[in-house]
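Just dropping this structure here.
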Amino acid sequence: MISQNPVFIPGPTNMPEVLRKSCDMPTLDHRSAAFAGILHPALEGVKKVLKTTSAEVFVFPSTGTGGWETALTNTLSPGDTVLVGRNGMFSHRWIDMCERHGLDVIVLDTAWGQGLPVDRYGEVLAQDTEHRIKAVLATHNETATGVVSDIAGLRAAMDASDHPALLLVDGVSSIGSMNFEMDAWGVDIAVTGSQKGFMLPAGLAIVGVSQRALGAMATAKLPRTFFDLRDMQKGYAVNGYPYTPPVGLLNGLKLACDMLLEEGLENVFARHRRIADGVRAAVAAWGLELCAERPEWQSDTVSAVRTPEGFDAGEIVTHAAEVYDMAFGVGMGEVAGKVFRIGHLGMLTEAQALCGLATVEMCMVDLGLDIQLGSGVAAAQGVYRHGTRQQAMAAE
Amino acid sequence: MISQNPVFIPGPTNMPEVLRKSCDMPTLDHRSAAFAGILHPALEGVKKVLKTTSAEVFVFPSTGTGGWETALTNTLSPGDTVLVGRNGMFSHRWIDMCERHGLDVIVLDTAWGQGLPVDRYGEVLAQDTEHRIKAVLATHNETATGVVSDIAGLRAAMDASDHPALLLVDGVSSIGSMNFEMDAWGVDIAVTGSQKGFMLPAGLAIVGVSQRALGAMATAKLPRTFFDLRDMQKGYAVNGYPYTPPVGLLNGLKLACDMLLEEGLENVFARHRRIADGVRAAVAAWGLELCAERPEWQSDTVSAVRTPEGFDAGEIVTHAAEVYDMAFGVGMGEVAGKVFRIGHLGMLTEAQALCGLATVEMCMVDLGLDIQLGSGVAAAQGVYRHGTRQQAMAAE
Amino acid sequence: MISQNPVFIPGPTNMPEVLRKSCDMPTLDHRSAAFAGILHPALEGVKKVLKTTSAEVFVFPSTGTGGWETALTNTLSPGDTVLVGRNGMFSHRWIDMCERHGLDVIVLDTAWGQGLPVDRYGEVLAQDTEHRIKAVLATHNETATGVVSDIAGLRAAMDASDHPALLLVDGVSSIGSMNFEMDAWGVDIAVTGSQKGFMLPAGLAIVGVSQRALGAMATAKLPRTFFDLRDMQKGYAVNGYPYTPPVGLLNGLKLACDMLLEEGLENVFARHRRIADGVRAAVAAWGLELCAERPEWQSDTVSAVRTPEGFDAGEIVTHAAEVYDMAFGVGMGEVAGKVFRIGHLGMLTEAQALCGLATVEMCMVDLGLDIQLGSGVAAAQGVYRHGTRQQAMAAE
Amino acid sequence: MISQNPVFIPGPTNMPEVLRKSCDMPTLDHRSAAFAGILHPALEGVKKVLKTTSAEVFVFPSTGTGGWETALTNTLSPGDTVLVGRNGMFSHRWIDMCERHGLDVIVLDTAWGQGLPVDRYGEVLAQDTEHRIKAVLATHNETATGVVSDIAGLRAAMDASDHPALLLVDGVSSIGSMNFEMDAWGVDIAVTGSQKGFMLPAGLAIVGVSQRALGAMATAKLPRTFFDLRDMQKGYAVNGYPYTPPVGLLNGLKLACDMLLEEGLENVFARHRRIADGVRAAVAAWGLELCAERPEWQSDTVSAVRTPEGFDAGEIVTHAAEVYDMAFGVGMGEVAGKVFRIGHLGMLTEAQALCGLATVEMCMVDLGLDIQLGSGVAAAQGVYRHGTRQQAMAAE
């Protein structure tokens, strides 16, 4: 039986009713004019969410991982050198993909819990006077650790040495939920998926591509067909796709963008910040610490919470699922067993956030952690409560 | 925009996904064999929920109010005497209906917050040696005050004087959520609706009718057509309806009964008790009192919470709706402004209950009540938490 | 398993996807401001569909039969005289309801297949110089025979003798599909349901009430509560209902009105006329006759087709359901076995109409009628085809 | 506005209501036990539909094109030789993909309208005594021309020369609708998608892989990550995915397999044959010819219909869409403008098929072709009609 509880995994998110309904379409001919009326507004909407006017947007029936592959195969050739930071499981996986595609990968390893090392990126780039490095890769929001990194700073580091490498950014768990400025930050390829900030089912890789990156397609020799941007471009030009598009999801994407833009991106980001602040207040009240070591690295979409030494954090996730029918995220890779994760991205109400905190609180007490029932909830309530109606109205 | 928060009104309840989908059917010919495959299992399912083997069940496209009217018009004639207790707004309304249908109503007024006065019913019946009283009416669960009454006791009181009056019971907010024994209690007509214990949209009056009550149809002279049980009986006999049936809702009713019976009625009742216990623990932790004056009168489907003198309880409901997008129930009639109501019937998870308590807690603090944030939540968590997995498993 | 074929019963109709989705709502507090935003636009929309500016609209969780009862009980008292024509099963049933409510009914019997006898209505009214007749009842579109009657003519007949009786009209299978002018025709109460022209699931009685009819409420003595317009009026005034409203269906009604009005009522009527013309062409091509004896009586929402003497028309309906999984309507009452009915109201495409005709054609051939396969379809295609694109565009 | 008409494109197909509902799920944690209960039954179901007990099934969030890429990249290395027949647009595209992945492609060009040249495949393989050819590719059902090819014969041709090449088959528009015997035919990789025989939305690449083909993974050097079967295998072993799976579509796939298997695959194929026979009868009645030159090449899932010389077949598709709101398929590549296509795969009723034929008939007459209205419909009715009920029952 399907749970009535919200999920607290860091994506797929809880889906607003209206988005679910927009995806659940009867079959519509994808070669019809009606499809054009879905496709182009969806692409335009994503551009606004990416804060770009110059890039083009491409949407594949795939996932964020397919988006990563799109970014690599359309811009690089076997043997090309790329520079990548690793501070969690998702940056690790992108690195693995680079290696499997025969790229020469310079890895900047960083403690899991810290932001990507902008300074070290800068140093390596400065030394690369021959411009062997063709692309710089960065994970904006490392979902495994709840750590956000400084992409604007990374761009500044690249500019400092006037390095011509492309900047490819994984924004899977940030775009649409936290500030992301494709044009201002000079991002060449931004990758995301449908099931995070866009609040849709999984099934779409969403990729923004700068004109410079589009230019690289001509010389990129990594083999590709399914993820080939050139076929996609040709398709879009005639309101179509190179293969059968996922019409319902695209219809949902169109509406999701409308919703985000109508609310206002800054309001969307502030909403995520507010929900995250409540979660962080709860963590502090429990006497626990976030995996993210410093405030500026704390993600507003997912919080990885460290549990005491000797305690298996995964037990909380298992217990919550089995006993309370609620889904949280486990720790992965280096932080497996050390953290559990509370996803708080997408359209989550304060009340929903509180029920997640109340439930995880019960789990921790059930499992013997020295936590006061209600303590985290109370701390979050302190953040979430609006005060009197007059105060609430004034605050809007 | 549609809220993602659960509702805490005392019906309509939150609807399980699977029930919503079962109601949302494309058009099906209500004169087809397929309809018979929906109608009869639905009626049989309701009989089991009512714990009756001898009564017949009738379902009208209407609401509980239509069920009341069905009960009266099919068994009584203008000028007939009925005996009714009044201890809240819903018993009051049924009395009003009796009067508008020209019945002679003996009202037993009772404090709002107390159960129906079984003793006084008994006294009046004992005095009615001529059996002028044709029907005894009782509201099993008074939704306005969160008070449950003793129907088995009422039957005993009737039996004590061997009184032949019919026993007509409003079980709108109890049936399917709290124990209701139509046969064992000798209930002649049991009335409920689709939007409470059956967890469906509003739109069905559901009526169980004993053979004795069916016998009264022949002489009952109150005019009726839409609610005439005789037409309904004729329709059912040929797998049809006297008019267009609400096929989708009936399909939902069939599945709702299956769900309740598969879970086991006693388990369903225990689940409601458990959720209600958590709510009651929260109320106590807040230092507030229930409208229901004694534990045996406390309803497991709705809690009416008294607020301090001089405070308008309705403000909490307005504040919760406007500021936190969450629905609670206001006080009605004599207790308007004095209580707010937390509905906790239907399929409500512990996590959902906690988010309701956490939200109302914020409202009360926002509005200046002397409540500790987290206090009610912690008390409810104490009730809801399952202990270790071993304990949780053992408890099942 | 749910059929993929459209239905051809004369209601409930095939439901447009968007209307089904608008009805399938999660629970929304019916005492909230959000409900007001559904209720009032729905009521206003119905007024426009009824072509009235002066009447008030009331919507009950019920069906058209409940609408009939609303019309009678709110305006009449036991023993009142009413004048009613009978030319089919549905007018017959309304007459039966009148009798069961203790009214004194003057019945004008008319051949099933003819329109209501406006002249005879006029004669009886002219003779009623003492104005004993309190209400004139008429079925605008007799669903059982596919016969539409002249309500404007009936009003003229009433006006001719300056008779003050109320004019109560059953427009269940006409309103929203064929022209209905509540104000221009001086209709005092217009009754319909959700499942016909409004293309929604069954479950709503929709009633338009003139100011004169509202005035009759004060003196009408027929007992009523569920269908009492006074309670409904009080509820609407505070954005509520006297009992739990069917929120999803009301939301659907709001959207259905928007759809009808956006298309334009005259366009909606022309669309129904066009579909009906195709059906009638098919019937002629089969060498069969409509139950409606004259063209002016032919309904644009349902066609009752007479089959040859000695043939049981019901066999076609059974055969279509069992062998081809398609629903048509049987004959009822006097025309049982003599006609089968093709419903063509609501949102039916030409292609859907053709598949109904093609299927019934196969049924008739299967059952031995002397029908040429494809003949009816070809005749309907002749009506439905648009000609070249230029012609099609020019025709719009 | 969404059309109420069925679609007649050769996929995506019309979706049964129950499958749409099974796909439209709220978010479910893809790392939960509940997901395992969806994934494994779906994979097992596909195996049965593929008629394989030894192969493994893999499902990607992608489309059939992604399935092609999966087949190539997991078994081949740059420079490998493959042997492929081309007899339509889809075989052409797979060849193009081979070339873009650096394979050495031997193309067997065949007239568009003919089946793949099994003899010529055999000749080339016989000559390849050094076994340079690593894989033989074949399109089972060429969707562009409505031509089915003889895969069993191709396997026999391979066996005749004892050639060890892998046999990779595109069954996108045949699997689940026409007989496909993965084990009996010795198919090494079978590729399909969700939106054809499985009657689901587009969004899944479904790939069956023989143990031999799985063995080739170790040495295959084409770069891959998203489509890497090894990652998928590892994921499935722990009830997971290497990235976020499309849970709703997988849930739909599980149910689609259940439906196909419950109906019985041979019954499903016979149903498609019957619907296709009706379409072919209509084409003959119109005096037109299929693109498929011989009966044994006529596909049961899509019919490409040749229009007279000098007439642009695409006009029919445009006209049907614009004037009658119905979708058919255009001709592609060599047969662009020469054929229009009627898709008749998935769950299509006879009545639906007839409405497609009736509509395309109107289009052809509108556009001046010398076609008799009703002629094709009558011919199809002759195929579809069941005779008397006794005959219909006996036929089952």
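Order of writing sets the chain letters: A, B, C and D. Residues in each chain are counted from 1.
FYI, a contact is a pair of C-beta atoms (placed from the backbone, for glycine too) under 8 Å apart; a residue touches a chain by one contact, two chains touch by 3 or more.
The chain list, named the UniProt way, goes like this: A, B, C, D = Soluble hydrogenase 42 kDa subunit.
This structure is a prediction, so every number in the text was calculated from the model and none was measured.
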| item | value |
| --- | --- |
| Selected interface, B-D versus A-B, where C-beta contact pairs are more numerous | A-B |
| Averaged-CA centre spacing for the pair chain B and chain A, given as whole angstrom | 46 |
| Chain A and chain D: spacing of chain centres that average the CA atoms, whole Å | 35 |
| Separation of chain B from chain D, taking each centre as the mean of its C-alpha atoms, in whole Å | 54 |
| Interface hub residues of chain B, defined as touching at least two other chains | 2-3, 14, 17, 26 |
| Touch-based graph of the chains, sorted into line, ring, star, complete or other | complete |
| Chain C partner contacts - residues on chain D that touch it in the complex | 1-6, 14, 16-18, 318-319, 322-326, 347-352, 354-356, 358-359, 361-362, 365-368, 372-375, 377-379, 381-382, 384-389, 391-392 |
| Chain A - residues contacting chain C, complex | 17, 21, 26 |
| Residue ranges of chain D in contact with chain A within the complex | 2-3, 7, 9, 11-15, 20, 23-33, 61-66, 68-69, 73, 78, 96-97, 100-102, 193, 195, 201-203, 222-228, 242-249, 321, 327, 329-330 |
